[in-house]
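Across the two complexes that follow, subunit A remains constant while its partner is subunit B and subsequently subunit C.
On to the complex of A and B.
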């Protein structure tokens, strides 16, 4: 099987054993690696109803068929598990340099099962596999742990870690790698913590079988050259994703004050210009990346002096605008704190913003938090609460379960402004005047995340009050973007440089020997989209249409100010978007794939599980 | 005065430009602002994150001169 290493590593933490199994040829035929393998292995191997934080849940780690080969952006690693944040399908991917090492070590997937009796880390040096004691690492920060393991093992090892938040099973804990890259979403780090798995260190020296090495090399060279020759290539790098901050404010979509507004008047203090002029040290790239989006920064104030990768746009939006921290130094410092605790800064900023609004409304009282304050704009309050959450202390123990569960615990109407879908906190785009973007968040399979479909420019270009064509475009994007997570390639070359999608079937054929059109590849992606829906239907009682609605704030409260003032998206509009979306997808009006649809996309094996839910 | 502007577009919003071309020459009547150029191209200025003229970042209300090279940037669309 060209493009694949040919092996799956299965590690049982309970028994402290491991086994190397041949890659199942049916799996590789029917599902492209990365997200494809994650989805199918979770469906097959995690028992229905498993506790996400119990020994029956499994962590699936998978690079894709193009990972580690010579083309731009071939360095993504997919992580998956039953999500403790949502109770349904969960995945998240990470860049940096670890994905090729997994492949070079000889593995297309790593399956981690069971639960260790004491802290361990997984050591992989080709087929030399060990579970080593992590007792000296337990309790250390995510960044510090990576530094300690680098010191212990040597620079050639690529390392993923969790921080105290993961150890304490915070449901939005993140997996950290390369001192600032994270698989942040859906709480897979909490699953690691539940298994007493502190880290994974990998080094590999094997080669990857490639169908046509000469063609692969030539196409790879052409792809790099095409990137370098794109108009505006040079201008992309300096600010990276932070460069979009001004524009998101201009279109009134910048999360501000716990998504009360879409415009932050002080955005110029935290934008890309502020980043490069005040704190950036250098650019930082992942494996085989010609367009380094990472910004390595140093922030110094009398109270602190730290290095941090970032902040990226999402962190600027959720820590900056959403909690109204109005200077880039404090945003970067809060970013560092959450990185070291091992908290996803998207959910982390969202949760703190939610708590600040609860405090403002008297739902959290000063006496509940030891007489202190929790005010918008205060980095001291932000940092204090992040620590309380990471260690599950006091009110932090409630907030550590995310805004959906916390709002149920707090009451007082706080569920109206718990900004999430399916239990996953909303990321960096306010969407009350962007129907395609709203639908993207509502229907993303993991919950309110932007990486499945990003459609604001489509909304702007086709009319922000118009609904026609929005569901169709979201569906298309939900096949295109997750396909990158199956191939385990970075999307940025495509979305930021306008890199042509035609390149990918060409390199796919050269590496794997499989002649596939782009539409063929998209069909694989549609198969997985339906499977992840079925997974969440199987695991979450009552899952379906009711899980696809945004919070009440977005359906009932007009935006108070900025370019989108007065806008909101009434429930009847939301219902129309959902009706059209389900029709396009071949799902019924409860949001359940029909029998015909399951057959059409090649997952009729799910029919026996799904059929009773349609009644 | 009529003349030619060389226009390039970086990123995904190229699909909203005429013929979805990354780079093209466009005949225009001068004087002309960037906003007026975008309207002539039937492109909503809100789709554009930034503009560079002859390699220098410019606001959308800046004037363009004959022979200028204009580069439009798409907003980063999230990883």
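On to the complex of A and C.
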């Protein structure tokens, strides 16, 4: 099959065996790749009710049909598992160079099953596959582990690792790659830790079959040339994602002080300009990317001297504004600490901010933490708590389960300011005056993550008090953006350069030989969106509408200061947004897809599971 | 055209390798590109680009004279090559590339596609005749 390597690698850690299976052509035709494969394989293969941290859960790793071919941004890899953070559907994607390497090694998916009896890493050199001992790597940091494996195997290997947080099954542990790229969300690194799987090292030499190599080369050249000609190619690239920090503050949507406010007065000390003028060493790109958002940096103070990729925008928001660390050097250092421990810096910054507010309110007392402090603005406190969490020590053991579970343990009304949806911590946009962005977070299939629908610019452009049209736009974005995760391409060329979407069907046809319009491809994405909803409905008792609400803070507390002062989003507005969204989606008012909808999107196989939930 | 590099500008995207292989072999496989991008991480955190400057050291050691100068480039006649790999060992830049599915090593023919499509202008024409597209 053109565009596909043609094989699936199945690894069983319990039995220490592996098998190379032919790619199922029906799976490829109906679910395309990447996130589509993750969703379908989790549905089919992970037994209902499986413990996310037990041997029955599986890790699915999949590039897409365009990954590793010649077009801008063709370097994403999707990771998925039943999420230990939410108990439902979980995925997260990673850039760098691992995705094409998996394809060159000959695989469209890797399925990891079972549980190893001792630490191992998965070694892949084309079809030479081994589970090797990782006893010398266990306990090492995520970045350090990658350096050790590069030393051991050679620079040409592409490597994914977990740090101590993954080993200790912290529910927001991240998978690390390429010294600074992470699959951070939904806790898949904790699943790796539960399986005693420390790392994966991949090298491949094979050619990806392409339907029309001449057309692929020609269209690829046109796509690169089109990117080079966009104003954003020279204007956006220097600062990368960090460049948006100023704008987000100016519109009052910057997470500040555990999402108390949407404006951080010291933002110019942690913005993109501070990053590139004070600490950046090298622009660092993922495979085939013309607009490197990675800013590899070095920070030196008397207390530390470290290299770290970033911080990118999300880290600036969640570590910077949200814990009020007010200089780019300390933000980068805190970023390094969480990267090395293997903590997702989105959830990581959110959790630390939550703990700081608990301390401020007396819900966490000084005597609970050995007589020390936990203050907003303190990088020392941030680093200390990150370590406690990574090793599940003391209060860190509670916080390692994320803010939703921690707030239930702490009580004292802390669930009101546990900023999460479905158990996944909220990422970098405060949305009390941005209804489309609020709805995006409420309804993202994995929990409060921005990457399914980044709608804040739409709110600002179309009116932030206006509700009409918001649910429709969120639904559209929830098909467009996850489609990139099925093709396993980066979306930033489209988002940041305004790169035209109609390029993608052209290159899709040249590579796969399949003639599809963009709307055809979006229909596949809608299919997967419904399937991931069904997955969480199947796995989480009582899942549905009640899982789609934001925390009470956003529905009841006005923003105290900044450009959005006084704004909040009352529950009746939230309910109206949800009513409209479900109607557009063909879901009932409990948030469950109707039988008609499941047939329409081609997943009627889920009907028998979902039907009993509708009564 | 003489290839030269500005490694400090390289972002490690490897577009150069992919376009090189696709242009010369019709294959989507950057492992068949006739140059190298070397990442030096976690420290000092830079990339080094290694390209052929047509120095001809490979031609001088080829026992069957399969590498001949054509205009400005030393070009490998892949049919004449006996795969002794003497040129690979001799190359001062390590850019005669060995690939398991190719009997002959892979050598740069100075076509300039890497210059035209390097997004960061890290590979340049020292003579200033070939530029990135759109520049």
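In the analysis below, the second predicted complex is superposed on the first by the 614 of 615 C-alpha atoms of A that agree within 3 Å, B and C clash if a C-alpha of one lies under 4 Å from a C-alpha of the other, contacts with A are read in each partner's own complex, and residues count from 1 in each chain.
Assume a contact is a pair of C-beta atoms (placed from the backbone, for glycine too) under 8 Å apart; a residue touches a chain by one contact, two chains touch by 3 or more.
Just so it is clear, the structure is predicted and the values come from calculations on it, not from any experiment.
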item: Contact breadth on subunit A, by residue count: subunit C or subunit B; value: C
item: First (subunit B), second (subunit C), both or neither touched by A:490; value: first
item: First (subunit B), second (subunit C), both or neither touched by A:277; value: neither
item: Touched partner set for A:244, first subunit B, second subunit C, both or neither; value: first
item: Partner chain(s) touched by A:546 [first = subunit B, second = subunit C, both, neither]; value: neither
item: Which superposed partner A:235 touches (first subunit B, second subunit C, both, neither); value: first
item: Touching both subunit C and subunit B, counted on subunit A across the two superposed complexes; value: 233
item: Subunit A partner contacts - residues on subunit C that touch it in the complex; value: 8-9, 11-15, 18-19, 22-23, 25-32, 38-39, 41-47, 99-101, 117, 119-120, 132-135
item: Subunit B to subunit A touching residues, read off their complex; value: 8-14, 16, 22-23, 44, 46-47, 49-50, 52, 71, 73-79
item: Residue ranges of subunit A in contact with subunit C within the complex; value: 68-70, 97, 100, 104, 143, 146-147, 155, 178-179, 204-208, 210, 213-214, 216-217, 220-221, 224-225, 227-229, 233, 281-292, 294, 296, 298, 307
item: Footprint of subunit B on subunit A - complex, ascending; value: 230-233, 235-236, 240-241, 243-244, 246-248, 250-251, 293, 313-314, 427-429, 450-451, 454, 456-457, 460-461, 490-492, 494-498
